[in-house]
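Dropping the structures in below, format is structure tokens.
Below, subunit A partners subunit B and then partners subunit C, in two separate complexes.
Take a look at the complex of A and B:
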């Protein structure tokens, strides 16, 4: 028994010192640049966590196949250490510590969702580790003065501003009456800020401003108010549950509104789940395959869509596209820095100004991507098959916006 | 504060109808909870997860091309055995222990069920389409989705069937006897173990019915069970155990109260308002209890 104890304590001591020694190694081993990521593989974000991981993996494979990253005249390959954060922000912060302190990772990729990114950012910031993230859109990520955080996606407040502008434009440039219902979570409230600002800018009036509790799956009261007050536009944001509940109850209560704008139509598979009832809904998205951006790794959106489909067996949602774009940003930054020094890599990231298949990427001082606008698409049906068609910005619009939405009695 | 509902009085009709239809559905879940709470003295934290699991059964029927409304027949049958199995594997170990242990045990079941559903069904939010249409009243100023009316009618039918069963059948008598005094029932030859198992099964079956109805009226997601647990818990607290009309009334009352607080106080306060009401009722009940004690002296 004593012998066992001795062996065990020696073993424990060795592993302790080994773990202390590990962080000293730079996270470039041989010809491999090792990135760290905590993504949600289980828990409530597991679907989107998987999209994120698939996006990362596809980009890593593509970049490695096409010659990898050239630094100092030598070619390196990317590899990612993954951990499952269980969709829990506390766990995400712990894993960020672990990746940096135990695994010695020097360059991080973001997790899925604003909440988890918010939990990890203080850790990467404190350790001065650059993090390129693709799935945290909350505005508060960009107001804390973080220096090592870079987001390839548009911030949450930009999601539905465009819709208000569009409603005003369709109203002959006159202010409109806005009804809105936003879930009480960080992301949706950020989207709300954008809409409120757009309303102020255009002189529009907000006549209904409902904040939906997180556990609510019934919007009947809000919709009855909308029916009675007849606003020009109804704006809803409450993740997938909000989008699906809104369409279900709007169609059941036969609420006629000239314009309906939402988030998460993609993630909730709105067009598929609700079919014709979801027709004419306007949806904000970070990316759509028909946009004409391109790069030398993935080609354009259509090509990415096809390749992703071949590799994973489903069409890529924008979460996968933006995740893939994060790797392209890293590759370009390493090559510009021509060094593995994390400060130099950080500075190179800050100077990013490039086009990817996902969109243009250029960061401002807070690490926010300011070069890419949001797109709005409208659900349109042909027969029983419904799909998302880009209607704004006009530069990429494949279809004309249908406005006002035909009344339920004629549909 | 918003007084739109007073300016447009027809909204009051809409709010009341919505509240009543919603309340009846919640009352069905609460009835199951009251039944097994009364018989086994177990507060089932996993009640909401059983509801969602029942909903997924209807959803998968829908995906297989069967109308999800048939879920109200299939789901309770499957869920009865799920409940029975849960009793035989876990609940029987905690049934005579104190309340805290059983709350911990059912809390564990709740987490486990959530994660399993997430693992098996995925974390997407899903809906089943009933295509039942809409009933328009008052020159189409008041709209009632037929799926909600269907849900309320089915809930009433199942509640009535259960009351009849409890009164007429042998098992029903045994369940009532066990609820009154388990030891005495045992002495008189009632197999309390199988009564407990059946009670837990019946509760799960009621959750199955409610779940199938929620699949066609609201949305399903592995993690949305908790609000159903909390709501049914509140209904039971207000109505007391073993009193079906009170459960139905308290369900509808809470539903209407919730809708009106939504219109008047704002959506963000609707759940807070219900909780406030719960606190007030509990305080009032204590007062009443205290007065009774004084009287007894």
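Take a look at the complex of A and C:
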């Protein structure tokens, strides 16, 4: 039995040291305001998790370099505690609790993806910790009466509604036939809700409605059906992997469709990876560098694009831009609250009404940003160089929408 | 015997005061208790019976969905709760919450146990690698199926009922779930400890050592194999029900049928601690959880590489697990009698 006692005391000692190794930090240490974030550094969202983290880091550095956050006449710097949620919603919920309970974090930043945000929001809400999130677009986040959740982005159901409207418009105002394929995850299924509603509104018919497995890498069955039924528009959503898979197989199978609407074209660097094969794909985005918004930290979109490129070596997808904007919202809220009291910070967040390089930000009662529209762009190529060109809304459109997409035999 | 009672008493006492010693770690420790249950029950098949199953995660996910579905469905329309990714909000009163939780938790043990009995009859006829591969498919298939069932939120997942308003804060919530987890862990441990001392335990070992021989001796091995799986499924299902409530959000392949995380962890923990022993899975789970959480802090982004290195070290230096290593070092403490004279006697080969 001594042996068991020994084992027991060893583990008691280990747990004691682990608890020492993780001292509960205060929300504000010295002249540093500590924010907590769980982002996907590994797993299926690792690419977008990295965009999120880079966006956060760039904004923290910029704000700190430009004098930090002034509260009570004193200047504070931002710092972020990161954990890796492994693209796993169970893990994300645990990490939210860990950041709050063990690390003593009082202000949270969101993770990447709707699913993970949905997993974390109940925890932050129960603990009454404000969370400004930039990558959780699911509409159900805004119907739960959450008081401490603030999203700087437009809801997922708004992503591709515009595309359906465009298709109807191009069809002379007549209803269209829609084929759609969505990944089985929170975000894509929310995009689906938006498309279904748009179809009902315009009287359009959904002729193919496929659900695709997670980590989408084959949709040949859907495309075979598309080839046979010839719909007016094909809608695909499945994060970056879904966008890449769709283009790869559409070009391999030479599927002709008048309109192809997708998400995550810029995060997956579609135009670069698939070049001319991706031409004419229509993509929903939260932000594009050519939009005419600006602020005093990042300048305008073009400037942000350049600075981000210098720092990380690639063009910023909108995931990075919205993440950076989340920090600007926090900074402004701290200064307006002029306090570190989380309730006061929450109230200040709720009153946010500002312009950033990423767009206008103003929250409604449910914490949703209602001041910023979605944009649609189309991949267009000049020679062998392909890029995303804004085609809607008309205010920022730099190019005309090409419709219908030329058939593969002529491309 | 007295020593044993003191030892167990100490552990239970420690378990009871843990939430007050480490108030910030309640959820972490609760999850560790869940992991202990998972590895203990995996060991019934993997260790005692010699059937390496990857399918126990099926019962974990089932339990999670069943518990939450009943918690919700008893008082509100489940289809509306999960519609459009859970847009509508319903609020449980405290009475509704606890009634639903009690019913849900019991059913989350019983239904997976029934499922185990049903599918066990077919699957447990397979042996060795064939059994392992077949059970691996179970978890994956269940995840994909759950991802298509609208009633439980399909790919959007479903939220489990939030802690009712008006009775205590988040501290009370974590304490409540901690004690339920602790009770379930103790029950699982005591039940298995008792079961292993009965004929049931002996038959399981006989199946592991030589199933054909056991059958030839007149033992209806299938009956025992199914019983073993039913026992595992019962406790794993309840663990799943608890986990769903603690996490608050059920996602078909990431939290419920999480073959890639919990499904693998339960095997790893049992092997790390020493499979085929009573204490091995417990020690394995505790060590694994502490290492894993440590790696997550100190090797951010590289945690799985560090975990992989740990597995390699275990396989090379402790092939029998921690308990196996102790057993080799101090066999007399495990009740193995060593004839010192015989041990020291010179061995002469002809």
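What we mean here is this: the second predicted complex is superposed on the first by the 382 of 411 C-alpha atoms of A that agree within 3 Å, B and C clash if a C-alpha of one lies under 4 Å from a C-alpha of the other, contacts with A are read in each partner's own complex, and residues count from 1 in each chain.
Just so it is clear, a residue touches a chain if its C-beta (ideal position, glycine included) is under 8 Å from a C-beta of that chain, and two chains touch if they have at least 3 such contacts.
Because the structure is a prediction, the values reported are computed rather than measured.
Student: Between subunit B (first) and subunit C (second), which, if any, makes contact with A:295: first, second, both or neither?
Tutor: neither
Student: Looking at the overlay, does A:82 come into contact with subunit B only (first), subunit C only (second), both, or neither?
Tutor: second
Student: For A:42, decide between first (touching subunit B), second (touching subunit C), both and neither.
Tutor: A:42 contacts both subunit B and subunit C.
Student: With both structures fitted on chain A, tell me whether subunit B or subunit C touches more of subunit A's residues.
Tutor: After superposing on chain A, more of subunit A is contacted by C.
Student: With both complexes superposed on chain A, which partner does A:184 reach: first (subunit B), second (subunit C), both or neither?
Tutor: After superposing on A, A:184 lies in contact with both subunit B and subunit C.
Student: Report for A:211: first if it touches subunit B alone, second if subunit C alone, otherwise both or neither.
Tutor: Touch status of A:211: both partners.
Student: Is A:256 touching the first partner subunit B, the second partner subunit C, both, or neither of them?
Tutor: neither
Student: Per the contact definition in the header, classify A:307: touching subunit B only (first), subunit C only (second), both, or neither.
Tutor: neither
Student: Once the complexes are superposed, what residues of subunit A are shared between the subunit B interface and the subunit C interface?
Tutor: 42, 184, 211, 213
Student: List the residues on subunit B that touch subunit A in their complex, please.
Tutor: 4, 8, 10-11, 14-15, 18, 22, 115, 118-119, 122-127, 129, 134, 136, 140-141, 143, 145, 147, 218-219, 221-224, 226-227, 259, 262-263, 266-268, 270-271
Student: Which residues of subunit A touch subunit C in the complex?
Tutor: Residues of subunit A touching subunit C: 1, 3-5, 7-8, 11-12, 14-15, 18-19, 21-22, 24, 41-42, 82-84, 86-91, 93-94, 97-98, 101-102, 115, 118-119, 122-123, 126-127, 138-140, 143-145, 183-186, 188-190, 193, 211, 213-214.
Student: What does subunit C use to touch subunit A in their complex?
Tutor: Residues 3-4, 7, 10-11, 14, 22-28, 31, 84-89, 144, 147-148, 154-157, 159, 162-163, 170, 173, 243, 247-249, 251-255, 258, 261, 279, 283, 286-287, 290, 293-294, 296-297, 300-301, 303-304, 326, 330, 333.
Student: Mind pulling up the subunit A residues that touch subunit B in the complex?
Tutor: Contact set of subunit A toward subunit B: 42-48, 181, 184, 210-213, 215-218, 220-222, 224-225, 227-229, 239-241, 244-245, 248-249, 252-254, 268-269, 273-275.
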